[in-house]
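Note that chain A is present in both complexes that follow, paired respectively with chain B and with chain C.
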Partner chain A sequence: MNVWLEKQRHLIDFTLASLARRKTKNLGLLLAYAVLVFVLASLMLFTQALRSEATFVLAGSPEVILQRMVAGRHDLIPPGYIEKIGRIRGVQKQEGRLWGYYYDPVVNANYTFMARPANEVASGSIMVGATLARARGLAAGNVISFRSYSGKLFAFKVSAVLSPDSELLSADLVLLSEADFRAFFEYPAGYFTDIALSVANPQEVRKVAEKLSASLPDSRPILREEVLRTYQSVFDWREGIMLTVLAGAILAFAILSWEKASGLSAEEKREIGILKAIGWETSDVIRMKMWEGMLISLTAFLLGFIAAYVHVFYFGAAVFEPVLKGWAVLYPRFALVPTVDGLQVATLFFFTVFPYTAAVLVPIWRAAITDPDSVMRA
Partner chain B sequence: MIELSQIKKAFNQGQSNEYWALNGIDLTLEAGKVTAFRGPSGSGKTTLLTLVGCLSRPTSGRVRFKGEDISGLPERFLTEIRRQSFGFIFQQFNLIKGLTAIENVILPGFPTGRPRAELIAAAEQIFEQLKLSHRRTAKVEWLSGGEQQRVAIARALINNPEVIIADEPTANLDTALSREFMAILEGFTAAGKTVLLTSHDPLVVESDAVHRVIGMRDGCLVDA
Partner chain C sequence: MRRPSTLAFILLMVMSLGVIAIFAHSWQLTVTDQSRLQANRTLVTQLGLTDLALFSESRYTRHPSQADLHSALQDHPGAFDHFPTGSLISPPAHLTKTHERLAGKTTSPD
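What follows is the complex of A and B.
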């Protein structure tokens, strides 16, 4: 055992000395390889973090949202619907919601107006999201006026700017009282935009949705898990688009790494011949080169992955942000919560380290099985 | 110690460029002596040394080392015999550039699993014998021809082999350095080692340090 360990130590020593002897080639290789891992890991970490963020954000949203449809389009919920739902077993709470979109020509952006109970927002005042406040230069105490779709001008006093902690959710949000909302959008009394339902038992959500469809056939129940799946698909799609765009560059890096790794110089071949002639076995040579490949690929993987982690979670993935986050006039500022999926890391490791090791081994094996007497004839 | 019987060696056998380097060699080499092979280029001297030194196998015939037939052994066993029993000094020295003299010398010891400290101590002792201690940490490409050869000699000795094989050892040396090499050669004999070398150099083959000279031509033995 000691002899075996000592042999491995010798091989690693020799490998390190070999790497140091070909500094330029190996540093170039390490750099190209680390950049490849960095790009792939950044994409992976960023989309994974966005998926987790979406899951986290949606965790607080209602299990089911009910929308009324007219000719396939979303329409207002008329009076009486909330009472009908109350009779469906499994529904713990139902709440009519009032919300709508408002286009502000000043900043060319859409805001989301949402009604809150009078005890939260007083009549004549509004609470605004931090991104919106920045875009319009608003602070608590300011007055802002909006022209409604009917042409009337409404002035509101900003009572508060919503906490930046909730910016991902509240970037473009305007909270106002129910009375102000109905007046601004000319919503008739008793009508709602949609209905949010709480279902205590997650096993019953689908059943409740079926019952809703049966009792209110002109309505569409939207489940939280469906919304989540849609978000996941959007991020997957964006990741795919990004990968497609980057495919050329990734391929170029991969070819460069492969070529650098698999191309054995005449000097390296000569060295392998010498080592064999002075008593190294074919397996010693292969093992030594395997250590070399592993040292390069592992170092590159770690460097690339750590750089990607810092890039995504400390610099907000500045390189890929515009494509992966999506586009908006009012862009929320938010910090991603670091999440790493072990399986994804293992997959990335396998698809970057394994091909490299294979690329190194094939030419080495070919060189290592040549007759050692070639050295005498050189 | 080493017996060769009916040794033949072909290169590119069965192809249009087939070439027979050795054509039926019968020879016995004694232990503890210096034997020189002399002959023109292409006479088969180097091929013969590669067969004796377990670097290759004969196409036909038998090679016996200390009574054991080694001509048909698999590569792994040949490598082990080569590592334990033979030390090589190549014509071009074949040192690994970028490594220091001492790093080159301990390389044959790596597959044996001997601890590094032990290998270094052994290498330093050899350097002292060869008067090369002051150059042990110099990179081999910075060394003179004579110093490079002494590093190659030290490397050949690191596993304490019974047989030293030297292929044209003075081909790249001037007269003074060649004489130095012959003095080292005498030291090998005094240490009881068997030395097999090839050479054209009269300074080598006519030296008193050489006990036997074997002539070769066209893959056959001829009178020296």
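What follows is the complex of A and C.
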């Protein structure tokens, strides 16, 4: 075992010395390789972290949201609608929700207004998201007025600013009392925006949705699993766009590494010829080149992956932020919780380290099995 | 004088330990991270939220999970999608398919 290990160490020593002779070329390759891994790993880590955060927090959203549709558009829930649902078995709780959008011309941004019970938000006061508070320069105790869609001016006292930790969910949120909401949007009494349903048994959610569609044909039930699926696909799609943009760079690197790995330079061929002439076996030459491929690709992978982790979780993925996060006038500030998916890392490892190591072997094997004399003369 | 292989091993070992530390770090969430995530989930449950406040440009991007299938195009009949997100989705196949060439094949004149 020790003899075998010592032999490998000598081979690695020789490989490193050989690499050092073409220092600039090999360092350039290592750098390009590491940058490619960095870009791909950053993309992977960022989307994975966003995806898992969305999955975790949205797991608390209502089991079923029931909307009413009129001519393909989301319409208000009329009085008496909620009572009809109460008769469906399996529905534990149903709650009419009041929410809507408000465009604020002061900062050219859309806000989401949401009514809350009187014990949470008193009449005449509002609670606002931290991003909105920052955009409008608000703090608890300030008074802000909004002009409603009917032209009337409403003044509200900011009772609290929601925690900045929840910006990802509450950036543009304005919570106000039901009475204020109805007065501000002139919502007819007894009407709601939609209905949130709670179903006791998770196995029954689909059945409840089927029953809802059958008994209320103008309704559209949205299940929690659909909400979660939407976010999976939103981030998958954004990752896909970024990968498409990067496809050119990935292909360029594939060509570069294939060229470097599969085409032997005259100098390398002569080196192999000399090694064979002084008594190296074909297997030794192949092993040496395999070490070369592994050392370069493994160093590039580790370097690129560590740099990507630091970039995403300590520098907020500054390089890809605009594409991956999207844009909005009210953009939440948030720090992602570090998440690494072992399978994704293994896939990245497989597709970056193995092709290069394998590409190195074919030409070496071809050069190593030919006669040393003809290799040196070529 | 150290052998080059020793230096290479040390370098690879340090970087491998770095990657192991990354895995350990991501699996072992800090107390702050855990309490933040839990607080956010509680907020979602309490307010009945359904979407992340990432893209507030329009209602179908602010609440993608609640938007109906045609909300991107429903501002008026034949409306174009306003936001760049829509332009990156390819049109359905039946819209891009060419018409059947019927010249000389019909029994009755056009």
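Definition applied: the second predicted complex is superposed on the first by the 369 of 378 C-alpha atoms of A that agree within 3 Å, B and C clash if a C-alpha of one lies under 4 Å from a C-alpha of the other, contacts with A are read in each partner's own complex, and residues count from 1 in each chain.
Assume a residue touches a chain if its C-beta (ideal position, glycine included) is under 8 Å from a C-beta of that chain, and two chains touch if they have at least 3 such contacts.
These numbers were taken from a predicted model, which means no experiment stands behind them.
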item: Clash-or-fit label for the pair chain B, chain C on chain A; value: fit
item: First, second, both or neither for A:Ala358, with chain B first and chain C second; value: neither
item: Partner chain(s) touched by A:Asn2 [first = chain B, second = chain C, both, neither]; value: first
item: First (chain B), second (chain C), both or neither touched by A:Ile241; value: second
item: Broader residue contact with chain A after superposition on the shared chain, chain B or chain C; value: C
item: Touching partner for A:Thr299 - first (chain B), second (chain C), both, neither; value: second
item: Touching partner for A:Glu167 - first (chain B), second (chain C), both, neither; value: second
item: Partner chain(s) touched by A:Asp284 [first = chain B, second = chain C, both, neither]; value: first
item: Which superposed partner A:Ala252 touches (first chain B, second chain C, both, neither); value: neither
item: Which of chain B and chain C A:Asp13 touches, first, second, both or neither; value: both
item: Distance of closest approach, chain C and chain B, by C-alpha atoms in Å; value: 10
item: Contacts on chain A seen with chain B and repeated with chain C across the two complexes; value: 9-10, 13, 17, 20
item: Contact footprint of chain A on chain B as seen in their complex; value: 46-47, 49-50, 55-56, 75-76, 79, 82-83, 88, 90-92, 94-99, 103, 107-116, 155, 159, 167
item: Touch list for chain C against partner chain A, complex; value: 3-5, 8, 11-12, 15-16, 18-19, 22-23, 25-27, 29, 33, 36-37, 39-45, 47-59, 61-62, 64-66, 68, 70-71, 74, 88
item: Touch list for chain A against partner chain B, complex; value: 2-4, 6-7, 9-11, 13-14, 17, 20-21, 267, 270-271, 274-282, 284, 371-373, 375-378
item: Partner chain C, residues of chain A touching it in the complex; value: 9-10, 12-13, 16-17, 20, 53-54, 56-62, 65, 67, 69, 72-74, 95, 97, 101, 109-110, 112, 114, 116, 129, 131, 162-163, 165-173, 175, 194, 196, 220, 222, 226-227, 230-231, 234, 241, 295, 298-299, 302-303, 305-306, 309, 325-330, 332, 337-340, 342
